[in-house]
Amino acid sequence: MKTIEEICAILEPVKRDHPLVHNITNYVVMNFTANVLLALGASPVMAHAIEEVEEMVGLANALVINIGTLSRPWIDSMEKAARGARDRSIPIVLDPVGAGATRFRTETARRLLGEAPVAVLRGNGSEILAVAGAKSATRGVDSVSGSQDARGAALDLAKEYGMVVAVTGVEDFVTDGTRTATIANGHPLMGRVTGTGCAASSVTGAFCGVEKDAFAAAVGALVSYGIAGELAAVCASGPGSFQIALLDALDALNTEVVCARAKVTLS
Amino acid sequence: MKTIEEICAILEPVKRDHPLVHNITNYVVMNFTANVLLALGASPVMAHAIEEVEEMVGLANALVINIGTLSRPWIDSMEKAARGARDRSIPIVLDPVGAGATRFRTETARRLLGEAPVAVLRGNGSEILAVAGAKSATRGVDSVSGSQDARGAALDLAKEYGMVVAVTGVEDFVTDGTRTATIANGHPLMGRVTGTGCAASSVTGAFCGVEKDAFAAAVGALVSYGIAGELAAVCASGPGSFQIALLDALDALNTEVVCARAKVTLS
Amino acid sequence: MKTIEEICAILEPVKRDHPLVHNITNYVVMNFTANVLLALGASPVMAHAIEEVEEMVGLANALVINIGTLSRPWIDSMEKAARGARDRSIPIVLDPVGAGATRFRTETARRLLGEAPVAVLRGNGSEILAVAGAKSATRGVDSVSGSQDARGAALDLAKEYGMVVAVTGVEDFVTDGTRTATIANGHPLMGRVTGTGCAASSVTGAFCGVEKDAFAAAVGALVSYGIAGELAAVCASGPGSFQIALLDALDALNTEVVCARAKVTLS
């Protein structure tokens, strides 16, 4: 098992190797997600056409699928891309945005889990509960369940699908069914900017693109991202300036800062 | 009839109750709209799939339909969502972006007005004139008619459809066919950032989500939003920094500031 | 042949006449592109529905087609809009985003070149090489070929299609097959913000909307835009604040500043 120092050091190959992250994500966050990945040092690409997703994913170091603004043709492309990633052993991160809010989202999230092995499922507490089949209350796309409540569901899902599940919230919880991590980094302003959760999934994709241990990659991603949020909050006067400062902080981030500020408990 | 103080106080339940605003809006402004709503204290959701719009609108406190980047499948979803909102008495705000520029937009705006009762129609002068069937000149999506010219059209539309019409411009004009309000708040930089008009419609949706009197909600929304623009302009060195400052100002806004700075004439 | 001073002065009619630029572009950059055009003084419109593209392009001073997030229905609209622009002698700028990364993109870019005369083709080195049929390596949507390598391909394409080709990179290269320009303006931070290349294409569209000599328009656009990037970098602490400062710099830009800072070699 990797130490916290080793996990924090995964940021280095992300910044050095510029992993290519293929995102099939929602319209609302595409721009911000691309800018987060660029600021981090990764290389984003967005492509959703059924004609090209397989070829594009073949160039990528990771595939991130986000169901935030879903429609039927996009689901077909997500499935095709997922199968392409599976065939090439490219890690997949799934973000079940709004699962629990509508049956269409809950069912699509579950269907995608069945389509190809997912490396990391990342969502808020309500979404993870909904994917696990628990009664939860997703209000639009925002969680009304604490990440604490979803820990049992995360453990069950991790074991059932042999994947890492990351529940983000005030405290993040990551598990592969055996190992667990709780992360107390981050800042409340992250919940006041649209797409910060979605971008966390894409950051996780970037980390999975350079690190085979998906548990370590997910923890490293969420710690780094949370610390960038803390540093951004220092210079922000509200959610607008915070969003901009977050990009600057991701750009300036390095392993020493992450190691020094990490609030991770592994077990 | 509500006083100006009562209208300015509608900001309080918006900030306290976080109304869920379901937006079916255009690609250009989705991110900014979501961030405006979050900064204001509301809760945004974007969903356009025909499979889920009815279920999603059932969770919402208001539905905002914006035709800025239209296509046939989206119109079907807008109509289904509108009928769903009507059946549940959820207020609808319609933003007829670019009506008058192409027949497709003008006809879609009119068709949506016929589909379900609209609480508030918000547009610039050219758009309102176009929806009313007057010869107007919409240049792309920007108004070339002053809001003044469109006041007659707004009164006619308000009476014909039993709805509130808000014409925004240098001075905003709001009417329900009987009551009228002119609002002299706002700042020219608002016209230099894309989506400020679209976001005004979503802010109006948030206010309609907490206030049954749609006339008061629309006036309260436009006054609050205009004042946020004025405050943002103080710290801005151009349209880029203005956009960010507007989000910070919406976050910091409170009823006292709105009451103190409101330039509203009711009649 | 225009002098460098005359080329730099094209910024003036852009700021004065607010050319309407019809963009059929990708989801990732729509918001930023619209804000870049507004900051520059141009008037953006985004419209992609097959039902309205012909009518919309008829109102425009330039059409910008960008294949960054492609799908079949969008290609149909791009082709229809291109034919509409051709019939009305409205200049077309084509941005072959990601050509070379997937066959779908490379083929679509070539097909669009055959559909209607293009005034300016703008891409990075890899994309231009791919459109020219050379073996290139486009990694996602980022260039791995220097703009230098693509100069031969640019000259060939310019002669074959009778169009201007602009290859952007550390140094930009513009040619109409006879004249050439190299531009040494710009800043490395431009590569750290998504959509700066796409926005350069739309800025080129704005310049083509006020200047018939497409070679001069493309050079004028890239010089102005690069200088705005240099000025923005002075106030930026990272890619987030740079993006905002770029919008402010485009707003503040004038002909004297452009003339004084231009690093252009014409031949």
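A, B and C are the chain letters, set down in written order, and residue numbers restart from 1 in every chain.
What we mean here is this: contacts are C-beta pairs under 8 Å (C-beta built on N, C-alpha and C of every residue); 3 or more make two chains touch, one makes a residue touch a chain.
All figures in this text were calculated on a predicted structure; none of them were measured in a lab.
Counting the residue numbers used at the interface between subunit B and subunit C, under half appear in both copies, so the two copies meet with largely different residues. The best fit of Cα atoms from subunit A onto subunit B calls for a rotation angle of 120°, in steps of 5. Once the centre of each chain is set as its mean CA position, subunit B and subunit C turn out to be 33 Å apart.
Each of the following residues of subunit A touches two or more other chains: 27, 30-31, 243-244. The part of subunit B that touches subunit A in the complex is made up of residues 20, 22, 27, 30-31, 34-35, 38-39, 43-52, 55-56, 59-60, 73, 243-249, 251-252. On the side of subunit A, the complex with subunit B involves touching residues 26-32, 68-72, 98, 101-105, 139-142, 192-195, 237-241, 243-244.
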